[in-house]
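These notes open a run of structures that come right after.
Okay, so chain A shows up in both of these, paired with chain B first and chain C after.
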Partner chain A sequence: MISSLNISVEAGEILAVVGASGSGKSLLAHAILGILPSNAKVSGTIKFNGEILTSARQEALRGREIALVPQSVNYLDPLMRVGKQVRTSVKKGNEAKAQREVFERYRLKSDVDKMYPFQLSGGMARRTLLSTAMVSGARVIIADEPTPGLDPAVINEALNHFRDVADNGNAVMLITHDIESALKIADKIAVLYAGSTVEVAPANNFTGNGEKLRHPYSKGLWRALPQNEFIPIPGSQPHPSTLPSGCLFEPRCVKATLECTKAQPVMRELRNGIVRCIHAT
Partner chain B sequence: MTKVDKNFYIKLGKFFLLKSFRIATLLFAICIISFLLIKNSPIDPIQAYIGADMLTVGPEQRERIAEYWGLNLPVMVQFWNWLSALLTGDLGTSMIYRSPVSEIISERFIHSLVLMIAAWLLSGIFGFAMGVIAAMKKDTWIDKIIVWYCYTLASTPTFWVGLLMLIIFAVWLGWFPIGLSVPVGSLAEDVSIADRLRHLILPAVTLSIVGVANVALHTRQKMIDVLASDYVLFAKARGERGFVLFWRHGLRNIALPAVTLQFAAFSELFGGAVLAEQVFSYPGLGQATVEAGLRGDVPLLLGLVIFSTIFIFAGNLIADLIYYVVDPRTREGWRI
Partner chain C sequence: MQLEAKNIGFRYDNGPWLFQGINFILKPREIVGLTGVSGRGKTTFCKILAGLEKPVEGSITLNRKELHRNGYHPVQLIYQNPEKAVNPRWKMEKILNEGWKPDEELLTSLGIEKEWLMRWPNELSGGELQRFCVARALGPNTRFLIADEMTTMLDAITQAQIWQAVLEIFKKREMGIVVVSHEAKLIQRLCHRVIEINSL
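On to the complex of A and B.
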């Protein structure tokens, strides 16, 4: 179950989504596209250009207006040549030309076109996955961890590409563990905890010791980075089946009070961002 | 254009070498076992040879026949004689048909082959389609009916289905002839292809009705796995759905296992043919096998055992080969 999403991505923007492994980042991406398994329950709102997405609209939009860069190589059809998988993602214009150009941009040799997924290295497969979204001409790109295993030059190429896409009036949602690279290009950062969004903050709030951040979890996550204090938050994220009834972060929160255990805090606006914490200032 | 590494041909050569060795050892083992089994069975080859004339044949004549066929020699010597004849391509002479075993087998095989190919294609195509439909409509009533049908049929004896078909379509409705591969009493050259087809339909349909279960259930499971896979999820994320989705990603990933399974099912096909041919008095290999067994025709029985071993082995070989050559993961797997 994904609860209390409250996510909106505007044209011209890059929204980075961060959060611990298992916090539901991939599920969030799948929820936006409407490709969650049928037994999944989603609550909250997902907005596309300010409008709420219904499942009928999702079906009409995916692949055309909203494109996904999936997290792993398993998302490529094992029996189809990768060039073809990229070409079938092209929705308008010349398929072969678009595929050649994007391969060139990501430094994939022309013979990669004829390869099967099992013949690709991890990095080549990731660049292929990126290519499928880039050729789609979609106005929203959701990239689920697109960069691990790539060398720095290609990471920069991909990040710049995302920035270009956003600057051309599109929206990008970048799901990542790598807060540092995300900060280079993102406008806003959403922090996920145990399946719900706890804070959405402008990227420039992630500085110093996290004084400008609103939620105790975001601050903790920021301080836990190696380049900052490198102090992990004690305890671990609750399992989706045993969520606390009050604030989901309450068992690990140093600022917790009795009031925090009563109900899940609602999302509220605070200093040009939004936060789900009753004590945030 | 597919680039194929030369390593592939080396591997393929090794593959064939290994397979040849396998079939050679398998055949040798089968020969010994079946020879010994038959020698130790209550079959009296002399009686089989003489048949109903038994009473008019005295002990002396029996002795001479036994000597003529070499039946007094030690078992291992008999085996050796038979095996060396076999290696020169001589399968011996059938005692009940009084003609060379190889001739009987090849003539019967043509009849059976037509029947088996028809049944094989029908069950393959329908089984595959049923599996795909069941998986696409999983948990609906269509799926439930298909699965129920497959499990019921998988536990129904072929001869029983055959009898049922005969009663309904040949006896009650009279749409099809009751048996044989040609109309009774007509000369071989007068038999038209239409006649042959009419005689073929009931046994072929019987074999297929039973044969679809395996392919259908297997294809259904495979298709369910494919539909739940990440690459189908991603294809949906790219806006594919319905038939395009099935054509691009479903078919591609389930066709190969299904075709392979069909080739590997040659043994069941052969076993089914034996029973169906008996029920429909269809003069194929199956019927010859039953006759040879019941009337103690040792050379014919041994010839049939060897032939069916080769036939089933060929099916498995083709199945392996398809995986080897068609699946890109093995075909182009040595390039990196």
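On to the complex of A and C.
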């Protein structure tokens, strides 16, 4: 379902991954953590500290060195009180103190400690998931849509928290469609479409009418924001089973030429970023 | 035609009151933003407006008449998580045509592909599924639409696509819409007025 994906994130850095809903952002996170369903086929390599991540190493590192903030609130254990769920993720130091502190930070009052997941509103459940990863002390945090449905104050708290974690020499991969939030903290932004990376750009390229961006899809995504033009690109992303043979964006691209239908463009360097489009300048 | 919430009070079992004495009127041709901190009861209030939850106190009326839960409901609610709003054992075609038969034009403007109709819900992404939930909710008898974080899980292009399609129907049919969103920019773009649930 995802193919031709190349991205990297370094210690001290925040990489935001944005893109179409259903473009494989969660699958990417799950591939790194080694928690893909058994019918998934994986090729290519994932390296951590320069060494290839085997499934045995993934398992050893999961929750310790690499932590996930999952997208679905269904990842909470329905039968365990949420305070306890967060305490069991603390690997070093005082569990109760760490749990209370992180809940405090995310404005979850002490009566929430004893609640079960079904008693939480959407936003409360998401803050609990965030807390679980943040107390783990992991060196790589992969957050899969951590902010939808949260209040602005809590979003800012979470974003600052991610920045602190990165500034302390850790790496953060923030998967989100909240581009505005991502821009506040990310160093670079990867844009995904139909399972492949179409562009990786410095965060400051997302400005104006998108003229600094490289790929037509990235430009369209930027312009569709409600604070920009709020104008969509017609059509929809191709399904993994019916991918076009040429450029995956060709059926919706106004710049497409005959050449675009011949082969999937390769990723190339362009203006301090990378892009998968033969006509990008 | 107006949707009116009068003196609404709600609490779960014997818990504390989530809210009490809420008064709210929604008129046709009006888009109202509803904001408030997480957990404050926005979703609960939306369910009450759409007749999916009974208020503990107060009443919901449409044109000053109490609403009844039989037949097609004129107040339709769209949730944040479409996976929870569709029957997993039905194909998309059946789900889509459950209440009415959406026309080609609507399907195109929502970006629904023909080929998706033969799929099961779990074979579609959240964004693809949400387009179906929107189409399904926009039947000819829908007077009011309650969009509770309708596009929160979607990318900006899909969000703009769904909202542009909804706005077109909103103009044609003179509907009223409530928008719940934490995204200030979206509320600003869409709404004629904005209310905070605490201030109701």
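Convention: the second predicted complex is superposed on the first by the 271 of 281 C-alpha atoms of A that agree within 3 Å, B and C clash if a C-alpha of one lies under 4 Å from a C-alpha of the other, contacts with A are read in each partner's own complex, and residues count from 1 in each chain.
Heads up, the rule we're going with is that contacts are C-beta pairs under 8 Å (C-beta built on N, C-alpha and C of every residue); 3 or more make two chains touch, one makes a residue touch a chain.
Because the structure is a prediction, the values reported are computed rather than measured.
Superposition of the two structures on chain A shows chain C fitting alongside chain B with no clash. In the superposition on chain A, contact of A:Gly19 is made with chain C only, not with chain B. Between the C-alpha centres of chain B and chain C, as viewed from that of chain A, the superposed structures give an angle of 70°, to the nearest 10. Look at A:Cys277: by the touch rule set out above, it reaches neither chain B nor chain C. Look at A:Leu28: by the touch rule set out above, it reaches neither chain B nor chain C. Contacts of A:Met124 after superposition: chain C is touched, whereas chain B is not reached.
In the superposition on chain A, A:Ala98 contacts neither chain B nor chain C. Once the two structures are superposed, chain B and chain C can be ranked by residues of chain A touched, with C on top. When both complexes are overlaid on chain A, the residue A:Gly220 reaches chain C alone and has no touch with chain B.
The gap separating chain B from chain C at its narrowest, counted between C-alpha atoms of the superposed chains, is 5 angstrom. Chain A contributes residues 18-23, 120-124, 127, 145, 148-152, 154-155, 177-180, 220-222, 224-227, 230-236, 239, 242 to its touches with chain C in the complex. Chain A meets chain B in the complex at residues 30, 33, 35, 59, 62-64, 67-68, 70, 72, 74-80, 88-89, 91, 114, 116, 118-119, 132, 136.
Every residue of chain C that touches chain A in the complex is listed here, in rising order: 37-39, 43, 80, 111-113, 115-116, 124-128, 149, 152-161, 163-164, 182-186, 188-190. If you check the complex, the residues on chain B that touch chain A are 3, 229-231, 233-241, 248-249, 252-253, 256, 327-329, 332-333, 335-336.
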